[in-house]
Structure formats: structure tokens, C-alpha cells
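Before any comments, here is the structure.
Each chain gets a letter, A, B, C, D and E, in the order it is written, and its residues are counted from 1.
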Amino acid sequence: GTTQPSTSGGEITVFAAASLTESFQQLGEEFEAANPGTKVSFNFAGSSALAQQLNQGAPADVFASAAPANMKQVTDTGTITATPTTFAKNTLQIAVPKGNPGKITGLADFAKGDLKIALCAEQVPCGAAAKKVFAAAKITPSPDTLEQDVKAVLTKVSLGEVDAALVYRTDVQAAGDKVEGEDFAEASSAVNDYPIAPLAKAPNAATAKAFVDYVLSEKGKKVLAAAGFTAP
Amino acid sequence: MTLHAELRVQRASFSLDIDLSIEPGEVVALLGPNGAGKTTALRALAGLVPSDSRIHHNESTWDGLPAEKRPIGVVFQDYLLFAHMSALDNVAFGLRARGTRKAEANAVALQWLDQVGLADFAHVKPRTLSGGQAQRVALARALATAPELLLLDEPLAALDASTRLRVRSELGRHLADYPGHTLLVTHDPLDAMVLADRLVILEHGRVVQEGSPRDVVRQPRTDYVANLVGLNFYRGVADGTEVRLDDGGTLTIAEPADGPVHVVFPPAAVSLYPEKPAGSPRNTWQAVVTGIEPHAHTTRVDLDGSPAVLADITTATVAELRLQPGHALWVSLKATEIHTYPR
Amino acid sequence: MRSRLPVVLVLPAVVGLAFLLVPLAGLLIKAPWATLPAQLFSQEVGQALQLSLICASLATIVCLVLGVPLAWLLARSDLPGRGVLRALVTVPLVLPPVVGGVALLLVLGRRGVVGQYLDQWFGISLPFTTAGVVLAEAFVAMPFLVISVEGALRAADPRFEEAAATLGASRWLTFRRVTLPSVMPGVVAGTVLCWARALGEFGATITFAGNFPGKTTTMPLAVYLALETDPDAAIVLSIVLLLVSVAVLAGLRDKWISGPS
Amino acid sequence: MRSRLPVVLVLPAVVGLAFLLVPLAGLLIKAPWATLPAQLFSQEVGQALQLSLICASLATIVCLVLGVPLAWLLARSDLPGRGVLRALVTVPLVLPPVVGGVALLLVLGRRGVVGQYLDQWFGISLPFTTAGVVLAEAFVAMPFLVISVEGALRAADPRFEEAAATLGASRWLTFRRVTLPSVMPGVVAGTVLCWARALGEFGATITFAGNFPGKTTTMPLAVYLALETDPDAAIVLSIVLLLVSVAVLAGLRDKWISGPS
Amino acid sequence: MTLHAELRVQRASFSLDIDLSIEPGEVVALLGPNGAGKTTALRALAGLVPSDSRIHHNESTWDGLPAEKRPIGVVFQDYLLFAHMSALDNVAFGLRARGTRKAEANAVALQWLDQVGLADFAHVKPRTLSGGQAQRVALARALATAPELLLLDEPLAALDASTRLRVRSELGRHLADYPGHTLLVTHDPLDAMVLADRLVILEHGRVVQEGSPRDVVRQPRTDYVANLVGLNFYRGVADGTEVRLDDGGTLTIAEPADGPVHVVFPPAAVSLYPEKPAGSPRNTWQAVVTGIEPHAHTTRVDLDGSPAVLADITTATVAELRLQPGHALWVSLKATEIHTYPR
């Protein structure tokens, strides 16, 4: 059966987007400390893979997605019936290699053909966001590559393969000192929401709700803010 | 209990079509020139080649049976020893396959290796055996399972003269004791004569002659067989004591005959003279030496004439006549040495 | 006693070797070695490494048990449509591993074609378990084994099998005692490919088995997560994986291999 | 003329076949066939498919040219440390492909150990080009070829090479005319593995060569991106890739293979 | 221009240590029991086996040379035909390897195939050739390159009697014309006698006897050689016309000798009687039949006595005496038939 009553006290499984790895691991530890007897295990992977798994009946209590689209894939099938809540937002930043060898000063440089530019593919959230930003700024970028995720973009930035890229500020922060971030004005025109929701058939519904609440709490916000997320 | 086989195999440009019967305890030797189909016949009996053959034995038929269900033992022309097993394991393989326990199988295998004189090589891999040693292991492997039908493809070909003598007589002893049926493919007429009760001569996939060694030796029916047993051989038409040979020449014989006959006489019955001899022999004709082959105690001389003829003479005579290819000589042959029989 | 090696063979061989090894050397040079000891002795890495080795080995065993007979069937039997079957067997190679994982979920997931019955009748659920990791790795790695072994079987002389048959050996005994030992180098090659592929497997694993530390987080998954948080650590982790696999392969292969040359 | 196939071999073979094919059947069943024609005839898909086939084939040629001599060197020469070399050659198998891509970038990238000179001296930059795709695929796929061919070489009887030598054939001629034809089934098996692996290659390609439609977007990359937004479309794309590869493999292999059995 | 070779090979439990010289145009036959090291010697000459051998030819040394740089042709004991090439391509391979153009190489190859009687099989793959056909292709392949040193490992072993006769005499003709050096490994004394100018007998990796066929036939020095040439052979100590044999028995000889000698006589010189014969032969003793082997025209009888002896008698005599293993008979031997020579 799929809905056995919780027998293992407070153990829950959280499916979370890979970009949340660091902050959610910390949140999990804090949550366990705050609620003795509970245990949080994580399954970190790409949001779309997680959505697939959930739709195939994966045993999870909570889903935290990096994009509303992936959350929608799960709510569409009824695997999640609760209304998802946005718990964090992420904005784009210009990422350049340490020392900014391409002398990038703003979004306008993305139109220069002689620079190596990496963007995310339109199909992934950061690519969709970048498209909006360029539309708002009325710039036609000349990318050399349209990467399938932010990490792939950052790898190329940190190795100096590209002179500039457009990625989330949280990712720039995680990439360490090999990558420098530059804010730009048009970033506000494309903000990415991170939704979270407990599953309809969560084996441990009570603890699942408690964990969602904890993420949305002030303590949760602080951890997320430290990773570079902005509050919803 | 006779084994009856009608073997029919069709290959690209070759067809085999022979009927064979082998009595229990009988050893049949299959002789024939290279490419005659001896190996093919053996493979058809073993069930290793797709064929329309029909094989009956012991009121049962083998037609549908796969090779491993046939109670056979095979020695292959190129050994086919399993390279990753020791000689002992090779020999024990058939016994193990038939369910004998390991210790027992090994004991029997060792006994067989001993019989072929290779007990010391029991734990050696085939790769390090010499050609003859490998052949003997293959022999032991096929014999070890005491099969009902033993198929031997040139079992003695790679053995040296002394080992061959020994293995041949051991094989002969084993085959004599052996209650099953044996088919022996060989090129060596001596092996066939010594080991077989009956010879079957194959040419171009068909049986051309069949009979006891003695009959075949006395009355060959094809050039190949005559060659095999070392006789001068002609076809001719007899009219009383005269035989007109198909390929030219006439011979006088002692016992009158009539109609188409085969004519044979041993090379040793032929005498050579530098001048036309005067004397009792009824047949004398001139011939030219085309080849000389020294044997251990005699020399074989190839002569072209009407008819062409082979002569075995003593090495002393060769020296005395100063034989050289191209020399013209007189050939003399007593009528009583010539044997004829109907075609 | 043979002549010098011919340049026309040695030159491309050396270029090929360089092509494979220089990038690895690059990794080794640029790796932040200082963090290596800390990584090596961290509990998670130890766990992931152990899980990787166990799962890859189990997957390899599954592949050997199922794949070697399959290779034999493809090489030796006279099934109709062997050509198509053989091509189908190579398909999981071409499939992007993530799609392979999806396919496994579709079939063996809790709502899958087969999986729903496994779940209802036996209470067995494969996704998100260590068994799931083994399955995912086996699915991706098996074609390597099958194709290598089939190639070896096709190159082997079938007359030795005939000789075994005349000695009364059933097909099974012949297979075990004659065929298999004679194609051992090919089986070893296939096993190495299979094990290595299973060890490096990522896409199908994370999709089908998820990413649960201690249960399904193998080294490649750990590398993936490390890429999210600390790219340098990811490289160090990869090197750890490399070193372990080189050690295992170099240690084992020469023991197994005792062929000619 | 042989007996029935033994159950002990056929059973695991059939289970193995089912294990490989049922998930594919699952994909086929669940695929949204209605969208297939639209996908098939869309320009991007056509472009990606074409690029995939071209790059995989080129990568396979590179692998054959470099890998077969390398396999020969490993199998037949008496280099010291062959065991370790052989293990090192398998390493790109174990490496998560993304890390393999990073390794290639470290060496051949714009700032790479070798790449910076390629860039400065010849103006050649491999990342983000189709040549980069070929290189990345070759790097990942070559070990498959090398190991298969080496296995086949080890199983081949070296005495035929001796016979060729006594006829005055150099090692190179012997290799071309005697060794290579006699291990053809192994080479074919390796080539199939290599081509299939190159065709399905994703991680190293996207990391080293990036993703730009018409230049570096191969089918697996297209599948990946489709997975992000429309998993059904991704499945259809995968099936297209599968069907094409099965057709190619089934068509070619029986032509190449004319061994025993 | 003589080829001098000191062949030293160390194998697991076997060592080869022989010196060989072969004159230009000379054919040396290497004979010996299975496992004597014949193939190993041949491989050392061909450069196929790591060895400490030293080979000088034509003021140059082959020591460091790899096989493909040596001007050799080899026929291997198990053919080693290239399975994926047609018979023609196999034969043309050596010529192509030495740079001959394709059309020319094929023409020469076809000529060679024709010489061994296989022109019709030019485009056939070795797998479909019979054993003997394969052997002949291997022969043609080795001869096609006209090598300086021709190495033949049992080149005639798989041929049938008539083909063998033909290929042997063709081979003999070719070897006679052939200016190079030839080493022939064979088990068949007849092949050796017919084809070779000199015999080298190998046992356990050492040369035990060497000489012209005539000398070896007359004066064998080991049991193996005596067996090979078909002589009764004993070691003994002579004192005038009496020879006391080492293994028991005494023989009277015609020509007085002294000291340790070898004693030989042909089996055909032995007569058998049911009763003790009275007459001129100086040697008579009793013996028991242990084996009977019919040959084409005579029968060989194995007898155990003091000494044990082989006798060749006519088949008629066998019938007349009703010979059976176990029978006791009288053996008689004329002193003049016995040949002795110092040990």
C-alpha cells in the first residue's frame, strides 16, 4: 500500500532541487535539532528528474522545486494537492572569470560577437529568465553555447572558457572565488520562484508540514539568504 | 547389432553418397585420395554435419540424434585438444561428461595416457606438446569413453616410426578386444591392412571398391588402389592368353581369360636388362627410365613404355646397370606373375 | 625475436594513449590536492565509495549471469531475427542514461507496468533502493558485456565445441568447460568494460534510484552534488574514483589473464 | 544437428534480453505517439539527428585509427607496465562524463595546458565547435574499442602471425593482412560499442563542446533539454535516436560479420 | 656459403643443443621420435623461438634477425593457413610481402597451386579444404617465395599414398633444382631417404646419429634408427666370429671382429621352422611368437627369445606354419647375413 501510517516516528524524505543542496542540508540539521526524534533525508537532483520520480510514485514527503514549471508537472497529476508556497527567489547575475579578462561591464557586452558568451538554454529556468532580461533590455545576445544547467555554465566561467555568462546569484556565490558576479539593473525583470509543498500521500504528513513551515520560518529565511536567495 | 549407415552430404561443389555397414567388433578402414570425402563421411556419422543420412544401430536410429547423444569417440585429423586443459583433463573430459566421478575419471585417464606413453605429460598443456604427443593425447581422449562407434581420422599420421609401430600394435590390440564398431580413416595402406577387417575405398564421394584387405590387395579396381597397394595395374581385353591393354601394349598371361579384365603384377616381378633377353619370360618390351626412388633395400624404377611399368630391383642391380633417367632398357616379365580378373 | 615495432602502428597507438591519458594528467595537475585527505577520510565519501564498489560489482555479477548466456545465444544459436535482436541489445548504449532511468521507472517504478504488481503482490519496490542502483547500473552496463563476449564467441573456433559434443558433453557442459574458457580474454574484457561503466554510471541511477546518501548515493552522484557546492571537491572525488578503479583493474586483470603472448 | 538449447543457458539469456528490452517497450508504450511526426520533421530534430550521426561516425573513425593500434600495442608488445597502462586506458570509462569534459577543457580548452598554445599559435579553439563534439565523444568512447579489440587479440592464435613473419611479412603487413582480419568480429563488436557510446554521449560533450543548435547540439543534448520542459517530447526524441541506431546497427552488422556459426 | 647453425633452446623441462651445417643445394632430413625437438630446432632456425642460437650464412649472421628478415620458407606441421584468405591469396602472400606486384604474384601462386594439383581450388577458403589439400596449399605457400633456407615440418604427412608419391617426386625434383639449403623434418624414413642427402637423427634434443641415408640404413646406432630402417639391432661384444649380445644370446658371424660392436640383420634374413632345422645356418635358437603384422606381400613376426627378433616371412609360410601368438618356433639365421660394426 502507499499510505501506511508513519511508523518510524518523525522520518521524512525531502525531494529538493540540486541548487538547494547546501542550504537544505543545513536546514535539515537545524530542523532535526529543533525537533528531536525527527530525521530528514534528502534526494537532491534536477527539478525535472524529481518531478518524474514523484509522478512515478516515489516515496517522498516534501518537494522543493527550483522552478514553478516542475512543480506544476507534479500538481497536474495530483501527486501534490496542496497549493505550493514560494519560499525563495533568485535573480540573475553576470558571472565572469576571476579578474574579468573580457572586461565585461554590463549586459550590453553580451551582444559582442568576439567575446565568448555562455547562457542557459531556454528550456531551463535560468535560460528563460535570461531571455526575459534581454528582451527587457532590448539586447540581442550572441551566445556561443546554450547550456543545459547552471553548473555547466559556471564550469566554463571558472575555467575561463567563456568571458561572461548569465546565471543565478546563488550559483555565483557557490562557485567560490574563481567566479566574480556583477549585478545589473534589468535583473529584476526576471525573478525565479522556488516553490515548496508537501505531497498528497506523504507517509509522514505531520512532520512534512512541520518541515515546510520551518523552511518558510524566519530561521529558514536566514539560511536561504546566506546562500544568496532573496526572500519571497 | 550391425551399424547401417546411408551417408548423404551435399557440399558446395562436393557430394558424398555412400552406404556403410559395420559389424560389432569389426574395424572398417576408409581409404581414399585427399578430398575424397573421408572426413566428411566421418563427420556425418558423428552427427557433426547437416546431412540427409540415415543411421541404424541396435534397432534404434541415430538420425535425429545430436553428436553428444551418440555413443561415439572421435580422433580428429588436427587433434582439437582443449588448449586450456591439461592433457589429463582432456582425456578425462569425456568420462566426466558422462558422469564419472573426478577421481575415477582421472585414474582412467591416467591409465590411457600411460598406454599411449605420455604418463609424464599428464599435467602439461597441449600448447607445449609436440605434434605427435598431441595426436596421442587425442587418441587417448577418444578411447577413454569406450564408445560404441569409434571414429578415427588419421590416428597415426603424426607419430614417428617407432612410436607408430607401438601405438599401432596397441591400437590393434585394443580394437581386437573392443566390442564396438570402428571406422578408421587413413592414408596409410599398412595401417589399414594391419588394423582393419575390411577396406572401403572412396573416390569423389563414392565407394569405388570394398573388401577384405587381402581381396583389395589382390584385385585392385582403380589406379588409386593399385598405387596404394603398390601393384602395376592395367585395364585390358583378354582373348585366351593374350591381353590387349587399353592404354597400349599387349601382355601374355598364363591362365587364359576372356573379355574385359584388370591386369596386375608386382613391381618385384619385373626384371630389367640392358639388352633384349633371351629366355623363358614370355613378355619383353623396351622402356625408358623416368624416375628412380631408392627404398631401404630395393630401388623402385619408373619406366615409360608400352605399357608403362614400375619395377623393384635390388640396389646392386641399379649400380650394375648404371641406371639413369632417360636410359632405354628391356623389361621382362614372366607370364605366371601376371594376375587377371574380370572388370 | 621479432623486429622493431612498426611506426605506422606505434605512432597512432601513442597518440591514442596520449589522447586518453593527457586529460587525466590535466585533472591530476589542476586538482586541489590539499583537500584530498579531508575528502578521502570524510564519512560521506567513504560511504559513497563503498556503495559504488559494491553496486558496480553486484551489477557486474548480474550482467555476467544474464549477459554471457545472452551473448552465447546471439552468437551460437540459429534464432530467426538475430541481427535485429543484436541491434536491440545495443540500444541501452545509445539511450541517454537519464532516459534509460525514466524507462526503468516506467516499467519497474511503483506505478510501472511491472513494478505495480511487484509492489502489490510482493511488497517489493525497487526505485530508491540500493537494489535499484544495481538494476540501473546493470541495465546500462550489460550491453558492453554482451557485445564483447559475443564478438569473442564469434571469433572462437566452433570445432572445439564439436569435439566436446563427440565426447558426450551437453551444450551446457561444453559451454562451461570448453567455450567459456576459450573466450576468457573476451569475457574479461567485457567484464572490465561492464564494471567500469557501472562504476561511472550516473544518469540512470539518479533517475531510477534517486540520490539518498548511504543508500543510493554512489560516487558519481556525490561528484554531481559536489559540483553544486564545491567544484574543486568534485574533481578530487573523481580522482579518488579513478585511482580506486585503476588499482582494482590493474590488480585483477593480470591475475585473470593468462592467454598467449 | 545439435541438441535442444539448454535451459540453464537459455533461461538467463531470455531474462537478460527481457531486462534490456522491456524498459524500451515501456518507453514505446508510454510515448505520446501523436507528437512523433511533428517532432520527426521539425528542423531542429533533423539537424540534431544529422549532427549526432556525423559526429558519432567521425569519433568512431578517430577511435579506430588510434584505438586499434593501441589495442595491438597492449596485446602484442612486451612493454613494461602493460598491466597499469591497460588499467589507465579504461579510466575514461569510470570517469563521470562531466568530469571527463572538465578534463578535456583543462587540457584542450582556451586556457588549457595544450589548448592555450593551439589558440595562440594556430588560432584553433576546440570548445564550442563540432570538432570539439567529435573529440569529446572519441575520448569517452575509445576505451570501449580498445578493450574489445585487445580482448579479441589476446584470444587469437599468435602462431598465424609467426607464419606470416616466415613469409617475410613485416609486423605492419602482418597486422593488416593477418591479425586484423582474424579478429574482425572483435573489432566489429568494439566498433559497435564505440559508435553507440559516442551516439549516446552527453556529459562530456556538453561540458567540453557546449550546446549550440546546428553546431554542437546532438540528440542526447536535445533530449536533455526537452526533459526539462516536456518529458514526453524527450521520450519521443529518445525513441527516434533508438530507432535510427537500431536501423543502422541491424543494417550494417550482418554485412560486416561473416564469421563462423 | 654453407649454413652453420648452433641451436640452443631451453624449454621448461626440455633442452635442445645441436649443431647443424647445410651446404647449398643440400637437403638435410631431421628425424627423431615424437618430442625429440625437431619442430623446436626448425623454429629456432626460423627465428620464431627465443634462443641462444648462432646461425651463420654467407658471411652474415642471422642471430639478431627477426623471422621476416630471414630468407626462409616454412611449412608448418599444422598448416597455419590464413583462414580469411583464399588458397591463392595464401600462396601469393609471401610474394606480396616481398613486394611483388599483385598480378605477377597471383600468376606465380597459381602456377604453384597447379604444381601441387590444386589449381581448381584457387578461390576456395582453407576451411573448406580437406586435410591433405590444406597441407599442399601450405607447401605451395612456402615454396612460392623461393627462399634460401626451406624448412619443412612433415610436409607430406597428410597426403594420401598416390598424391604423396606425386608430390614427393615433384618436391624431390624441385629440391634438386633448388640452389638453397633445405631442412626437412619427417617421420617417414622413406621420405627422408628419397629426398635428403643427409640424415640427422635427433633424440632428447641431441644428435644421436648423422650421415648419408646409405650409412644410416647400414649402420644404425640407436634402437630408434634401427626401428626406422627396419633392421634387427643389438649391442654386443665380439670375440672373433662370436658375438655375445648385451641383452642375452650369442650370435655367430662370418667376418671376425673384436670388442664392442653393433649387430644388425634384416628381418627378411630370418627363417622360421617348426622343428630345430639341420643345415648350413650357423645360428638357430628357440623363440615364441608375440605378434603378427601382415604387410602387403610379407608378414612381420615378432618373436621373443634370446635374442628377441623380428622376422619377415611370406604370407604362404604364415599359413603353412599356422602361426599364432604364443607358438614356440625355431629361428634360423645365416652368419653371412649378419653385419657388425664398432660401437
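What we mean here is this: a contact is a pair of C-beta atoms (placed from the backbone, for glycine too) under 8 Å apart; a residue touches a chain by one contact, two chains touch by 3 or more.
On a predicted model such as this, the values are computed, not experimentally measured, just so you know.
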Legend entry - Co-neighbours of chain D and chain A - touch as defined: C
Inset, instruction - Go through the assembly and pull out the chains touching chain A as well as chain C. - result: D
Inset, instruction - Please work out the Cα centroid separation of chain A and chain E, and write it as a whole number of Å. - result: 87
Inset, instruction - Let me have the rounded angstrom distance from the C-alpha centre of chain B over to the C-alpha centre of chain D, please. - result: 56
Legend entry - Junction residues of chain B - those touching two or more other chains: 47-48, 66-68
Inset, instruction - Find every residue in chain D that makes contact with two or more other chains and list them. - result: 2-3, 98, 102, 106, 165, 170-171, 182, 184, 224, 227, 231
Legend entry - Where chain A touches two or more other chains, by residue: 49, 52, 155
Legend entry - Of chain E, residues touching chain D in the complex: 46-48, 66-68, 70, 72-74, 76, 80, 82-85, 93-94, 97-98, 141-142, 145, 151
Legend entry - Sites on chain C touched by chain D in the complex: 2-3, 5-6, 8-13, 15-17, 19-27, 29-30, 65-67, 69-70, 72-73, 75-77, 83-100, 102-104, 106-108, 112-114, 138-139, 142-144, 146-148, 150-152, 154-158, 165, 170-172, 175, 182-186, 188-190, 192-193, 196-197, 199-200, 202-203, 220, 223-224, 227, 234-235, 238, 241-242, 245-247, 249-250, 253-254, 257, 259-261
Legend entry - Contact footprint of chain B on chain C as seen in their complex: 159-160, 162-171, 173-174, 177-178, 181-182, 184
Legend entry - Partner chain B, residues of chain E touching it in the complex: 11-12, 31-36, 38-39, 77-78, 128-133, 136, 153-154, 157-165, 169, 187-190, 193-194, 213, 217, 223-224, 227-230, 266, 268, 291, 293-297
Legend entry - chain A to chain C touching residues, read off their complex: 2, 13, 18-19, 21-22, 41-45, 49, 52-53, 56-59, 151, 154-155, 158, 174-176, 178
